[in-house]
């Protein structure tokens, strides 16, 4: 498995979270623009035989929606999207996301692009998987400078769900909305609890022995490089070229 | 003019109200389903050279809207519809309309089809022309049994306009929202103030000498039977056959 | 893609379901209404979007309906809806009168996942007085008092309509009749009849996509040729005015309606099964 | 049908106007944005529906913009929007951050002619804390406390977008990009560039009508071939990623951006006029 690319590893890891039998079934998953790894994870789940409906916002051709860019949010409002992916320029220990920028509002330090639909999607989707490949104290902070979308809500505020997990290039955290804290679920090969602590700006819980994140199986790798790549070639040509070494036929 | 049909007479009469220079200009007029006389009036205004945009809800083919049946109401909400036509199973002296039915709510006496969009359109359109060919104490009542749409609103209630006039088979009434009463504007040939009083269930004002409603001019009649009928043949074949004696070529 | 036969589609509708349907100037599934009569469904709560027509009248006449929520019930040029009027007078159905944009708005609230939406107008109409589920509040964005109606979200159990065609993925195409998209978005499930099923994926076709409703919202499809009849289907076929006039005449009496049912709802089926 | 040339269309936009525009995954009129730069418009208040992209960055860089209301500004794969970021840091523009469905909702309120609309979510986000024009109220339909955000209607002065084609009646067709229809419905006026003008009436064609915006909403049309470029136009042409990367590189500095402007906004025009 030494030739497994980080993106393949992360896609397989996310796929397992998507299929987590302890979580409510993900029948319809939406994947935002510029998210090839989550997209690969969902295609992998499909190719493993799970009947997941997948709506890729990045697709300009064969786009899944016919009611404009509003439809994803309406669909989510209706409760028809079971799982969505979010990231953040900063993510803190209470799972708050900052997509606006650092420093004073509205990002007088480093301005990030903006909140997109996060302030809505985070609260209206039953399950959210957070994904940010960079795992550093710069990104995973004790407290975000600005909250684009909040990790937990006070009682009485309508909210369908929370972060299920945070996947980074170093580990998988589980989120516990009851105590608004992450716990370390698994560390990727080469990492330890201490190396994770050193790379993480926020406090997190460690409950007993922390396992290593399993590598993709041969079947998973074969599917990623074959059937998953086939699906993604048109929408993510650069990603497919870089990760799977394949190009769209002219 | 003895061969002028009642529908032609009424269409020309309504056309003059549409073009009334004392009223705000009607740039966009909508005409509900099953309203061939108002439709003919609006086409006549167009053929007389006035640049009126006309949206006919009755058209199943070449329907003016592309956002479903909601679009007329949205368009009106936006303030883009200047003039609309309404009628009623009962109309009373305060210009209240009853399209629901007689007797106890919801029409335990005679049930009419229902209010359609009247409770919204009557308040959100700057100008409404009321049209009901039957002029009898049964239809023009002192007080409607049920209010589908109210003729006037208390101060503070958002309302863009009121009835401009009520056109019947016997006369034209003007409506005065300030005093919530009709006045007799003109009587059709053969009618008098007394004959109108006898046929009307509500009290109305008579200010001085009441003129006779002018008959259509030769030009108006020629346009109605020619260019207006051409426009209407497809949408109102029965009306065109009956009134103009013309049928759609097979 | 969940293609079933028409009778199986009707079998999915439990007694007491709330069904949203477009009227005769849109795309009602008259075929499914007839199948529901054959299945003997009871206690339906019909929502006319935004009004009701032929399909509602036959369902009411056949005793399938407990409640009608709509802005009008009419057979258009053929006049008042006879079985609806008779049932209303006899107290056999509950009537919830609305006004067209209010129906659209209540469905839009469900489409958007919000508990209510405001709408202008209506204040002063007796419709409001008879809708305890509608509220009036002061617009909080106005300087001074500005009463406005708030309408609750309406989520039908089933959206029911007829479309021109379905594709291999279970998407349906019905052109500009976008009220059917709102019905599908707002309803828990949608059951659709179509003229035909074709290959391909409408959503991958830039010309067809805008008039398409995604399979995401569609829970069952049955082929029913001329399934809107006697109502028109876009440019595919026109309204059969003779059929409707004939119905309006026969349905004036309960006996006439039963005769009509025997010929047009039950016999057709028997004949087709031979 | 109001067909004018591109520069005349730009001339209709007074300084200080509020303009609603779709981002790079929809149908921005980059051609009109460039014409607005050439016209030297100042003080624009841009609304990104629901986010902003290339056209916003060049308008900001050229000093045309006073305010940006949007949910994100990005060049997609080419990274952050360089002139927007620089102007924000320099305090040259006011920023009103929103979240995507809130932008849609504020336009839908205008589309519907209501003063506000509710939206779920947002409570707890700093976006809300920085939007004094947004309110939280208790859902009056709930049994117990249920706070919900109310968003005010947003009515832009102009909707600006690019469509595939216009017909002889002034209707425009842009397929499934229905956010542009909402923009047109919500705005006081809409200015549209198109690839071409064709005969006929899209609204009379059942296949084209669903992807059409009626001339009712369209106040000016100019032909601008490849008018969305470098952004994609449905299946007509793809995104020119090299052009955007080139821009992202040059626009890192104010000098580089001025050079880019000279070549791609002013020179093109001079060349075309020869």
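As written, the chains take the letters A, B, C and D, and residue 1 is the first residue of each chain.
One rule holds in what follows: a residue touches a chain if its C-beta (ideal position, glycine included) is under 8 Å from a C-beta of that chain, and two chains touch if they have at least 3 such contacts.
Just so it is clear, the structure is predicted and the values come from calculations on it, not from any experiment.
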- Query: Going by the stated contact rule, which chains contact chain B and chain D alike?
  - Reply: C
- Using the touch rule from the top, work out which pair, A-D or A-C, shares more C-beta pairs. A-D
- Message: Using mean CA coordinates as chain centres, what's the gap between chain A and chain B in Å?
- Response: 59
- Note on the structure: So, in whole Å, the Cα centroid of chain A is separated from that of chain D by 29
- What whole-number Å value describes the gap between the mean CA coordinates of chain A and chain C? 40
- Query: Which integer distance in Å separates the CA centroid of chain C from that of chain D?
  - Reply: 36
- Item | Overlap residues in chain D, where contacts from two or more other chains coincide | 112-114, 119-120, 146, 148, 176, 178, 181, 209-211, 235
- Going by the touch rule set out above, which residues of chain A reach two or more other chains? 61, 63, 65-67, 74, 77, 124
- Each pair of chains that touches is included here, namely A-C, A-D, B-C, B-D, C-D
- Task: Note which residues of chain C are touching chain D in the complex, please.
- Result: 105, 112-120, 135, 137, 139-142, 146, 148, 150, 152, 175-176, 178, 206-211, 234-235
- Task: Spell out the residues on chain D that touch chain A in their complex, using ranges where they run on.
- Result: 22, 25-26, 49-51, 70-74, 76-77, 80-81, 84-85, 88-89, 95, 97-102, 104, 108, 119-128, 130, 144-148, 176-182, 232, 235, 238-239
- Which of the residues in chain C come into contact with chain A in the complex? 110-114, 181, 185-186, 201, 203-204, 209-214, 216-217
- Where on chain B is chain C touching in the complex? 33-34, 57, 60-61, 63, 65-70, 73-74, 77, 99-100, 105-108, 111-124, 146-150, 153-154, 156-158, 238
- Seen from chain B, its contact residues with chain D in the complex are 28, 53, 55, 61-67, 74-80, 124
